[in-house]
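Naming follows writing order (A, B, C and D), and every chain is counted from residue 1.
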Amino acid sequence: MVKIKKIALLTGGGDCQGLNAVIRAATRTAILQYGYEVIGYTFGYRGLYENDYISLALETVSGILHRGGTILFSSNKDNLFNFPIIENGKTVKKDVSDIAVENLKKENVDALIVIGGDGTLASALEFARKGVYVVGVPKTIDKDLMGTEQTFGFNSALGVATEALDRLHTTAESHHRIMILEVMGRGAGWIALESGIAGSADVILIPEIPYDINKIVDKVEMRQRLGKKFSIIVVAEGAKPKGGDVVVQKIVEDSPDPIRLGGIGHKLALDLEKLISEHEIRTTVLGHVQRGGNTSPYDRILSTRYGVEAVNLINQGKFGTMVSLQGDEITHVSLEEVMGRHKLVDPNSKLVAVARSIGISFGDM
Amino acid sequence: MVKIKKIALLTGGGDCQGLNAVIRAATRTAILQYGYEVIGYTFGYRGLYENDYISLALETVSGILHRGGTILFSSNKDNLFNFPIIENGKTVKKDVSDIAVENLKKENVDALIVIGGDGTLASALEFARKGVYVVGVPKTIDKDLMGTEQTFGFNSALGVATEALDRLHTTAESHHRIMILEVMGRGAGWIALESGIAGSADVILIPEIPYDINKIVDKVEMRQRLGKKFSIIVVAEGAKPKGGDVVVQKIVEDSPDPIRLGGIGHKLALDLEKLISEHEIRTTVLGHVQRGGNTSPYDRILSTRYGVEAVNLINQGKFGTMVSLQGDEITHVSLEEVMGRHKLVDPNSKLVAVARSIGISFGDM
Amino acid sequence: MVKIKKIALLTGGGDCQGLNAVIRAATRTAILQYGYEVIGYTFGYRGLYENDYISLALETVSGILHRGGTILFSSNKDNLFNFPIIENGKTVKKDVSDIAVENLKKENVDALIVIGGDGTLASALEFARKGVYVVGVPKTIDKDLMGTEQTFGFNSALGVATEALDRLHTTAESHHRIMILEVMGRGAGWIALESGIAGSADVILIPEIPYDINKIVDKVEMRQRLGKKFSIIVVAEGAKPKGGDVVVQKIVEDSPDPIRLGGIGHKLALDLEKLISEHEIRTTVLGHVQRGGNTSPYDRILSTRYGVEAVNLINQGKFGTMVSLQGDEITHVSLEEVMGRHKLVDPNSKLVAVARSIGISFGDM
Amino acid sequence: MVKIKKIALLTGGGDCQGLNAVIRAATRTAILQYGYEVIGYTFGYRGLYENDYISLALETVSGILHRGGTILFSSNKDNLFNFPIIENGKTVKKDVSDIAVENLKKENVDALIVIGGDGTLASALEFARKGVYVVGVPKTIDKDLMGTEQTFGFNSALGVATEALDRLHTTAESHHRIMILEVMGRGAGWIALESGIAGSADVILIPEIPYDINKIVDKVEMRQRLGKKFSIIVVAEGAKPKGGDVVVQKIVEDSPDPIRLGGIGHKLALDLEKLISEHEIRTTVLGHVQRGGNTSPYDRILSTRYGVEAVNLINQGKFGTMVSLQGDEITHVSLEEVMGRHKLVDPNSKLVAVARSIGISFGDM
């Protein structure tokens, strides 16, 4: 087994509460527990390619446990296996991963902790195949990664979305409105599903269960007959009608004053306005508010456990792995095993059944 | 002076945190302090016209102090001086205010407390001119009513907007983004101005100070030169470019899949994307989340003081008035004096100067 | 299998966020899914004894999902197997459980859902042994019940304690203070352990790991040498020194002005003041603030799942059970199996090791 | 008029949300608006005496707007006019203010901004009398400083206290408890008064209105007769019974295990327990949780306005002054005029009358 002396961290992909907590826990454990030297590459793999990094000492990670964002910065455009390079004045995409491997050797980095979502971890697996000692930490507010029961960031995003639903509730009730809240979730509807249950939504629309607009109208009208003259709809950005396509925000360039079009939340409002006349309908699109700000206590603990375990795995020589939550315990799985697969909401799962039991409609029946 | 035995309350216009706190304080004071009977008309003036009301007892107003919304419900379409009536199968607009006055007499209501914004209070003034004993309570999250230093609801909305800015900040910083937050404020920029100062915005765009897109770009680039590779922009929905018009959300009906277009927040993103290439730009539109949910402690106190004073004014026979905050003290002004005028942000005010002093740009210079 | 037509709910023991969410979910599922009639006994078993109950309809449970407390009320003094009865002017303790069983029969209640902690569930088991069809729902902010990975209320209490630590942190840091936060946990240190990790505590003291005051001083002094001139200590109310006893709040009756003495938090401050002179030490005792107020999204979802499953178990005829969280799934265990045992923090567990890895001291080494 | 080139800041006294916001605003204004050099003395006047300071640049004050605490640190023991010096092995108190004045000259500091409460500002006045160009900024969570309508920190503390009351409410209601919340306020009852109104307390006890324990019992019993089987009492730490003394936390040194005694909150519980038998009574002492953590939006704006104005006053040569809020406007008063006087709650004020109008008892009648 290799004798580890120096490790590196990097954070990739979109923002997510808990990144700093992982960085802090991993750094502290590496230094205090194992005496490793620790560096952090900046802007994800881009820093690895450009050999841009900062030294991570106890002081560097002080005071960051609760803070959103990442002190290592991050980027969405850092795939080194298909990286934009300017050659002869033109941008071409190239595999520059070997340069990254060289840089690791040059800096005597023995092992690399990669904190990111599916794209970032897929690259981690590629680097593992190239012989780099890699450990992954699953990050996504969407909770759609295989191999772990929970990803950090999800609980924080759930908190933001639920608070928004709480706020919309009082207005909906006193002004007899239909309130639509569009939350994140392109491929997986976890935030919509769980915030919908927590925030007392009447209708939850998720990508995994295509909806029929008439079923939503039925639900609103049934509530009205029961004296509930308002309805709350939470919709994942990737939700779509039966047989229809996902509504993506797009730009109308040829209009006199080209502007960006709204997504599913706005489409739904328009479609419902044609079918329901008694209510005013309002849409809120939460957007990036879900990804930043203070990390929830749950995510701070989960991130801390992940960060510590990632360093333990390095110490134990268990590379090519990803830390994982299984029940109460932090454990690990092989990156090979989980990459390329997404954990979607199962329409036949118990959690969906729970929502149906208490009367929530998914717009499908 | 008339001997008051019975009073009525109503809430009109859009939602606003603190409505329930006013209702509670007025009801408790009326009953405990003066022994009045209290009723509440539902859905604003509409209830007055249809004689729909509920009795307000101590128990009715128990547990509502902190809750957003209004237990009396509200409506945006309740102008009795221009009310939609169906006659011969057609909807025509009529002045039905005399029916409301009759209803007050029929129910032996001696005085009416009207809680609402400028539209609702303008009607209150009309009723006062018709001889109804009216006292107004100024309500608007926009803080744009003349005659009072503060309207309830504003502090709560400020809290929601500021928290959103805090959340956007961490992502902007770690992902080098330009984050745009669109907040409420069609005619007045108070929420944008104060949340911008509280939430550490770099650019604040308000209706009262038309902006030049190039000045915003200058600010972003100057920050970049100082090593700050991100910027936060808060924009009131009524903000507009110099010489330009307000961007209203509109519907493109003739597109194959007609959808609602975004407002100023989205327009700004598109315009900036053409001028700034280094940053990704993201827009969040807070919408109705600003109007509902738990009322802030400040607004609970202000609303309570207003509710108590409104009943005191009735007891003192001071009708045709609106309760008002002046400095530390609750006092009152004449409705006649303040109606029809809006309190806009003065571009030359000290508060705007404060923002400029600490380096905030208004996109104008 | 018995044909269920009517079920009853009761909530027992101390307060806990999520009780209303369980009541709501169980009631909605019973009515919407199975067509049961539902009643709720008030003040725990006391209502069962006195046959005091309310009817639970959809409207009764509307708007309560997020609210702390319990609409069924609760009591700490409701053990019907040892119940205080006044006989001949004297209070004697008697087993009055047969009267409760009679009442259930009289009201045609087919099955009973008991929501409570170990005391309340122990009684539930006794009733099950007497032939009552019982299903239990585990409730405790302390998370110390066997047979389930999570009890509702814990995540909400964790949130309150962590926010308090966040607040104490800024003052400790800028004023060079030692801040002690006493949190709930008489027998089990879960809240202290998890809030300590989430809230960046330097020392965590829990009942399961007796402390040595000198080790705490060592930790404070080591931090000082590293330039950290402040320390945060979180202490469970049941924490105790090695070889010492738990410090209970007690009353000094014979002093001129008898007053209640502080608990472990205050004792610790006094003991440390004698050993550390450079710092001022401040203690906050959170108390019941941890048990009430808005329920966290996590707890709302867990409580909803428990409430639905409890009714499913009744429908399936699985009595004498308690709903339980195992990994991602809601399942159930036999009450017989789990009663009388507590889930304490294992000093050798991975979670304690995680805390030690990032440098947290438990005052023991 | 002196030409200002360099200014210094210091923060003194107990912690308070908003200190960092003042530091940031003053530093940014001084640099961006006036081109001043800025330094900050550490640990209040102690830094001035020991000539310990840090340079304040734009970067130094970046990211601190919302954070509690003070990046300049603070101390409660920094009165240079009566400062503890060790002479011949003994600690003696001396006036060392001349050394501070010398240090200012040595560093070419032209003017000094002192941010603090009454003790700190009283020293500021002394320094002004010695010819130092001083501007004061009023800081206290207690809101008891004369000459300004509002001190920063109060609104944040109000938020913490009100949230605690909200949390206690749900438990009190569902468990029929009497809940006592002890909040800060030794001499002035502003936090208790305003959080009591905002948090729906039934009884508010403040130093300015001595209470009669029997009147509190009357209130609890009257509520009971109205079906409200719980009561919420908020008590300022300096509240006292009629004819009685303030209950201070003290240490019983001669008891076998000397421990600190509780304050008024605990005394009140004991006294009430003797008079009311139907309810369990619980006390929470919030303590320093009220002083730290995130600053409220209101306080961020107020602090920013104060910080900017302090520098404006220096620029205008208006020394010996304190910035002040009057109505909507930031202005200034003479330190001479306001020092040595406290702004207490006037028992005959309109705000107390408001509380009485809605049925709140002050325990006096």
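Operating definition for what follows: contacts are C-beta pairs under 8 Å (C-beta built on N, C-alpha and C of every residue); 3 or more make two chains touch, one makes a residue touch a chain.
Protein identities per chain, from UniProt: A, B, C, D = ATP-dependent 6-phosphofructokinase.
Computed from a predicted model, the values in this text were never measured in an experiment.
Can you list every chain that touches subunit B and also touches subunit D?
Intersection of subunit B and subunit D contact lists gives nothing.
So which chain is farthest from subunit B, going by the mean of the CA atoms in each chain?
Greatest centre separation from subunit B goes to chain C.
Just send me the rotation angle from a CA overlay of subunit A on subunit B, rounded to the nearest 5 degrees.
180
Distance between subunit A and subunit B based on Cα centroids, please, to the nearest Å.
Here the centre of subunit B sits 34 Å away from the centre of subunit A.
Between subunit B and subunit C, tell me the centre distance in angstrom, where each centre is the average of that chain's C-alpha atoms.
41
So what's the Cα centroid distance for subunit A and subunit C, whole Å?
Distance between chain centres, rounded to whole Å: 32 Å.
Two or more other chains touching the same residue: where does that happen in subunit A?
In subunit A, the residues touching two or more other chains are 166.
Once you've mapped the touching chain pairs, tell me: line, ring, star, complete or other?
Ring.
Which of the chains are touching one another, listed as pairs?
So the chains that touch one another pair up as A-B, A-C, B-D, C-D.
Where on subunit A is subunit C touching in the complex?
By the definition above, subunit A touches subunit C via 24-25, 28-29, 32-33, 58, 65-66, 149, 155, 158-159, 162, 166, 194-195, 197-200, 226-228, 296-298, 300-301, 304-305, 308-309, 311-312, 326-330, 350-351, 353-354, 357-359.
Taking the touch rule as given, give the residues of subunit C at its contact with subunit D in the complex, in rising order.
14-15, 19, 67-76, 160, 163-164, 166-177, 179, 247, 251-252, 255, 257-262, 266-267, 269-270, 280, 282-294
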